[in-house]
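Okay, so chain A shows up in both of these, paired with chain B first and chain C after.
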Partner chain A sequence: MARYAMVIDLDRCTGCRACMQACKVENNTPMANFWMYVFRFEEGEYPDTHVWFMPRPCMHCDNAPCAKVCPVGARYKRADGLVATDWDRCIGCRYCEVACPYGVNYFNWKKPSKNYYLDWQDEDVVQVTGGAVPPYRNPDLDAPYGEERRRTAGGGRLKGVIEKCTFCVQRVERGLQPACVENCPLFALHFGDLDDPNSTVSQLLRRKPSFRLLEELGTEPRVYYVGGHPPSTESRQIEEVKARV
Partner chain B sequence: MAARVEQLPYGIGRFSIRLYLLLAALLVIVGWGIFAYSRQFVEGLVVTGLRDIGTMGGATWGLYISFDVYFVGVSFAGITMAALIRLFHLEHLRPVSRMAEALTVVALILAAFSVLPDLGQPLRGIVNLFRYARPQSPFFGTFTLVISGYLFASLVYLYLDGRRDAALLAQQPGPLRGFYRLWAAGYRDTPAERARHERVSFWLAIAIVPLLVTAHSTLGFVFGIQAGRPGWFSTLQAPGFVVMAGVSGIGLLLVIAAVMRAVLAEREQLHEGIFRWLGTLLLLLILTYLYFMVVELLTTTYAGHHHEVRISLSLLTGEFAWLFWGAVAALVLAVIVLLLPFLPPGLRARVPATSPRWALVFGVAALVPASLVALQGLNLLTLFSTGAQRLLAWLAVALALLCFLLLLPYLSRNVVAAGATAGILVNVAAIGKRLLIVVPSQTHGTLLPYAEGSYTPTWVEVSIVVGLFALGALLYILFFKVFPVMEVHAAEEGAQ
Partner chain C sequence: MRISRRTFLKGSAAASGGLLASRFLFGELDTLMAQQPSSQQGEEWIPTACWIGKQDCGMLARRIDGRVVRLVGHPAHPRNRGTLCPKGVAQIMALYDPNRVKTPLIRTNEKGVPGQWRQATWDEALTLVGEKIREVRERDPRLLLWQKGRSKGKAFYDEAFVKASGATRLHHGAFCSDAGYRAGEYTVGISGVLHPDFRHTRYLLAWGWNLTNAGGNQLCWITWPQQLIQAKERGMKLVAIDPRLRGAGHFADEWLPIRPATDLALALALCHLLIAQGTIDREYLTKYTNAPFLIGEDGFFLRREDKELVWDLASNAPRPYDSPGIEPALEGEYVVDGAPAKPAFQAFKEHVAQYTPEWAAEVCGVPADAIERVARELGESARIGSTIVIDGVAVPYRPVAIMAYHMAQQELGFQAVRAMLLVMMLLGAIGAAGGQRLDVGPWKIHENFEKLDKIEIKDPPYNIYLKDSMFFPINSNNSAIVAKVMQNPEKYGVDYVPEVIIVHMNNPLVAFASQPDLIEGYKKFKFVVVIDPWLSKTADLFADVVLPAATLEKYEGPLSATDQYVDATALRIPVMSPLFQSRGDIEIYLDLCEKAGILFGEGGYLHHLNEALKLKDEYKLPLDRKPTVREIFDRWAKSAGITDGVAYFEKNGVTDSKPVPATKLYGYVTDPPFGGVRHRLYGESLGRYREEMRRRGVAETYWRDYTPFPTWRKPTMEESPPEYDLYLISYKLIEFKQSRSSQIPLLAELAPREWVEINPRTARARGINDGDEVWVESHNAVTGETRRVRTIARYREGIRPDTVGMPHHYGEAIRHPWTAGQGPTPNSLFFTGEGYVANTADQSFHVKVRVYK
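Up next, the complex of A and B:
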């Protein structure tokens, strides 16, 4: 069994947010839901300022606080390390969301079809589009995945359930890389098997010192950062995405 | 027949015009709440003020969870009274025991109902919470211990406790006779049966006492064991919940007992000793809670991580200061009111006898600016600038304080009014404190440097919560219109 992990090279990230875009296209996430989010930070006082960028996917923690508190087992840890959300079982209590220290969970506040940036059924919109709706349902996302054969892929399936980054389980199980990794123009994101000593992630972690976010909480994240430092009280967020449903 | 029905004690089965009007008003409010919920059911939780923590800058738990915690807290009253009366032989508290038990049952029903609108998939919730139950989740305790175990135990206790009265009432003909017979279920009030009942309720009371602590603690654990939420992660959370539950539960019981004393013909049975005793218990619980609060704030602001400090400062001086200091003020004022019976007699004799009329005038006058400010705060009505709104808020505070000061001499002579006033004050404080536990840790407690969030409830949430209160009042009134609120005395029966 593989032991999947992501390694993010902060030295390489330019904050272009292509990963956020790729994630949205691949996973059909509703408006204002950012399964992958890139912080843009500024530190220091003018003129001695330093700007840096930090992508934030789900950390897929080994000791996941969200999976612990789920009252129905809809959020669970897979044997290969992915933290999955079974949207067929989720009751929408949002306990995982308050338990998560990283803020990676997104709830479907309204019917997803009404929340794909435009209400495509709206009369005014139909006048322009002629009734055409972009392909917001990637067929790969409907299939069951993992040993458990549970429906855990993709976003925007149902109103009133929680969803979050899946590490693109529908791609990983086919031997592909997650969409954000695949689309990073600067190879800042890496994904692979920690048990394989020759995988990029293993090599990177051997070569460079690394850290994980909020390690002191004991959540044991599976996302490692190399070539930078964790955000501190000095890090001010610039250009935050203010999207609200 | 009608004349005989009137002979039933405690106004059972007697519906005056005023009562009909009250019930109709309550029904309208419940209906409005159901309408609000139907909007949410169709549109999704987007109609609430809740949003995602993190990039969306919201709170994902809000009024619904706060009031769930509040209602579960209020349910503390019944079991406590039962335990106190049975285990410590506080027979003089017996007249309020059934009121307290009914309060427990109603409050737990409301608690269950206030979780339901919080769920994104309520229908799935009802099935999956049992089908896929996971004991590792703190919610498991809430659903098993609190909603099921606690509610079931309270119902059994209420049933057993009422069986003798049902048997006595079933002796009289009347439209409710069949109901009483069903409740009595063959009970005939022989000495042997009575002794067996005493034994059963004694052991049931003993069995329920650990439930009292564990059930209220599980709700504390829902918050207290989340390491990733500053402001929640604290050992004191569970004991704090138990004590605050006691404060709100006993407080509401005092209010209900005072109302019953005002409306029932048999008011003499609710003697002042009950109010004095419950008031002292409430006083001790409030002081314990205030102590917990100071300990916790001192720990987090002095030694805590900067995230903890941020939460504490948002309470002490920041966005939530009005609510925090309002709740603290309500608790302190309640302490002052409850200390009045301990005034030395010499001092008390010198307190001028005043009528509460002017105090009430100022109280009502305070409500006007307060509700205007509240409506503007909820974005339901925008009439004033921020400065004018702040001025109005201070005006309301000043009027309320004036009302309180004018009321003090009256309260020092009237222990019933004092108990009811303290009860209202602590329940306002309890609701405030519940909101302060739930909301700031989400909007101001993100460990990654997200922007600060905000949360304002919408009309849907407010309507559903108000509807729940109305439903509770409705259930409570209707229950005591078919069943005696206090024990029926055999002697009384004999006289008829």
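Up next, the complex of A and C:
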């Protein structure tokens, strides 16, 4: 069994947010849901200013606080390290959202089919899409995944359930990289098996010093950062993406 | 056309090659456990090319049962290597957008206000447009104008259509850096602005390079940052020269926050210091530039039998520059035929003596010691005299360069870029390994090297963009100037007002500086045709007819895929049938030409298409039959030696990459070196134009910057009253491309509305909090006109306290639910016309403003 992890090279990240878009299209997430989010930070005072960028997916913690508090076992840790959400079982209590120190859970406040940016029921569009919402709806998301055969892929399922980054389970199980990793224009995102010494992630972690976010909480994230530094109270977020209301 | 992803990747692995694989993907892609079947039933991968940006990144469309579900980067495309920027990914939503123009539209209300439309058939709309074109051409072909944004198929549009119709072509301009192109063409003969040889550069001045958001020279993004990252990881130092830090971000090793519009002063000070330090490449200057040419007291070269003279130190006498065995002097003063003369280099040295680092520090707002350090580092890093061996060829090695592009869009833009080129010329870095490059392709001399040197200024009447005029002899044909002329033709010696304009994938009302002038200008057209997938602001206010173009559902090209080190060609392939009633642009042109009676026969569109596509005789299009677009590309591909024709591209998208050999890449080692031209340290013809303009009595504002050497003066905007105490600059965001993607909801969500970036200490002094609504009010120092917009203030420490910045994409560019309320465009604050354009008729995105609550 592989031990999956993501390594993010902050020296390479240009903060372009293409990973956010690749995630949104691949996983069909509704409006205002960013399973992958890229922070743009400014630090210091003019002219001693520093600008940097930090992608933030779900940390897929080994000691996942979200899984511990889930009263129905909808949120669980897989043997390969992915932290999954079974939306068939989720009751929408949002305990996971409260427990997670990284803010990666997104609750479907609205009926997802009404929350995909535009009205896709336009009759000319329907002729092409057959009524799919969103029109680029990804059929891979419907299958059950993992040894447990549970439906854990993709977003925009039901009103009143929690969704988050799955590490693109539908891709990983087909031998592909998560969508954000595959698309990164600067090759700043890496994904692979920590147990394989030759994997890119293992090599990177050997080559460069790394940190994890809020390591002191003991969550044991599976997302490692190399290059750069952790954000601090001195890091001011700029060009923040807020939900459109 | 049907290929599986797996086969595809296997096939392209060899082509995509070593460069990035070794750097970025050390080791193979991780093998992940496959537990599921690998693909859906009915899955296909269609290779195509991005439609939004100008570098036409290669894409693969994942299609399931005929519906496109993902766009991913084409792994074998040299420009993006399997990746896409946010726009590339998000345009899948644009494909299906029900707010696209679905059918041809004919206006039913008056112009100048949001349009009301009736849907028309293609036949009705094309007949109407065709008749207008026919009628106006018969009366006076000058009355027909044609204008396009980023060209995606130059042969079909800019060449064949313009020639067949006789339309006057307006340059796409918009946010493009024409003044920089003209400076490059005029000074070293290459059409382009400035970028490094990333594989070898070790010291880079990122001069206004918004590298995390925008392309840099010529390309729109991914290629340059990919090459930059490799250079940085190899140890290249990057000095960001920019009023804002946000563009260079953490990639800047040093930030020189320069005052806007003072780039010329800084470049002149660097020239001063390089000469004072003695870090100049005398051999290059002597052999490959006009630096040794003798200048007489009148400012013109001394010539004998049309050959420029140099002072030969060996014989101590003046000799034609190409005499064998001579030893030309760069410095000193001589007497020729009883009159004093000196080499251009001597004159330059005297000219830049005034531009000390202390002087530049005052003008540019950058410490003198920082300027001195940069000059020293440039001089040391240039390793003048060294060579390295590339492809078995010894190439002079000067691993220093500048990346600059949009900073050229300022009043002194032409001369600022010329001065930056002179910095690199002093170092001998033009066309050297690791040195200065200008064009993304091979080292190729542009016809403008000669043309811009031999302009004959004509008597009025002039054409609508003032070609060969006494106002702007070097002329980039910019829509903002055209709008100015349209409003007042007599003033500029123009004796007609064009009546019909075809606006193709261009949105001049939003894209050019001085929106109010554009609106006034476009009001004058009697008939406006817009070809666009969207209802642009230009269409909404002024179109009589809108013809809906497809986005990714069309054949288009041929598209260059070069990343400067390898060469390849790509095509845009339809990912599905055109949605709604939209049609591919080329199809529209074929039909339009047929309706206008200019499709068939000698001199018709098909005839010019044969020329423009350089089709060999056996593949030429018959001139009496309308071909399909696919057939045209099939003939083109076969004529170009691709035996499978267009089917090759339908399967692969892009040709195999071929390395560009050193002897094509580096100017020093082309045959002959630098294409046989001498680079112009001294712009003799600029002085000639200046004299001619003065003689004809035009105002000083037109001729004062036509100086043989770049010469500093204060920009006109500095004459605004002191209460306009801030500089406004505009900039690009990575989320958008000009106004072309601000309606894509996935992108608009990331950056939903306009803002003005302001330094907190500047803001606090005015009682402005982060997030407050403020007025930004601009002032025209020439006319006294003021303009203002309301927007949101955003605190940024990474901007000069005397400067504010606004992203340039907004202004409800397109009528769409997601653009409503996106806020003003800074182009409604900038001006055009005297004092606010470069001397080459290029626009400026600089103005003095005040900001208040």
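Everything that follows uses one rule, which is that the second predicted complex is superposed on the first by the 226 of 245 C-alpha atoms of A that agree within 3 Å, B and C clash if a C-alpha of one lies under 4 Å from a C-alpha of the other, contacts with A are read in each partner's own complex, and residues count from 1 in each chain.
By our rule, a residue touches a chain if its C-beta (ideal position, glycine included) is under 8 Å from a C-beta of that chain, and two chains touch if they have at least 3 such contacts.
Since the structure is predicted, the reported quantities are computational estimates derived from the model, not experimental observations.
After overlaying the two complexes on the shared chain, residue contacts for A:89 are found with chain B alone; chain C is out of touch. Of the two partner chains, chain B is the only one that A:161 touches; chain C does not reach it. Once the two structures are overlaid, the count of chain A residues touched is higher for C than for its counterpart among chain B and chain C. Within the superposed three-chain model, A:213 lies in touch with chain B and out of touch with chain C [touch as defined at top]. When both complexes are overlaid on chain A, the residue A:32 reaches chain B and chain C alike.
Looking at the shared chain after the overlay, A:241 reaches both chain B and chain C.
Looking at the shared chain after the overlay, A:12 reaches chain C, while chain B stays out of its contact range.
According to the touch criterion, the shared surface of chain A, contacted by chain B in one complex and chain C in the other, consists of residues 32, 241-242, 244.
Residues of chain C that touch chain A in their complex: 20, 24-27, 29-38, 40, 64, 67-73, 80, 82-86, 88-90, 92-93, 95-99, 102, 211-213, 221-222, 225-226, 229, 232-233, 245-246, 248-251, 255, 257, 576, 579-580, 734-735, 745-747, 749-752, 759, 761, 794, 796-801, 817-818.
Taken together, the chain A residues at the contact with chain B in this complex read 32-34, 37, 39, 41, 56, 65, 68-74, 89-95, 97-111, 158-162, 213-214, 217-219, 231, 233, 235-237, 240-245.
Interface residues of chain B facing chain A in the complex, by the touch rule stated above, are 43-46, 50-58, 60-61, 118-122, 124-125, 128-129, 131-134, 136-140, 143, 222, 226-229, 306, 442, 446-451. Only residues 1-2, 11-12, 14-18, 20-22, 24-26, 31-32, 42, 44-47, 49-53, 80, 117-120, 122, 124-125, 128-130, 132, 134-140, 143, 145-146, 170, 172-177, 182-187, 191-193, 196, 198-201, 203, 228, 238-239, 241-242, 244 of chain A touch chain C when the two sit together in their complex.
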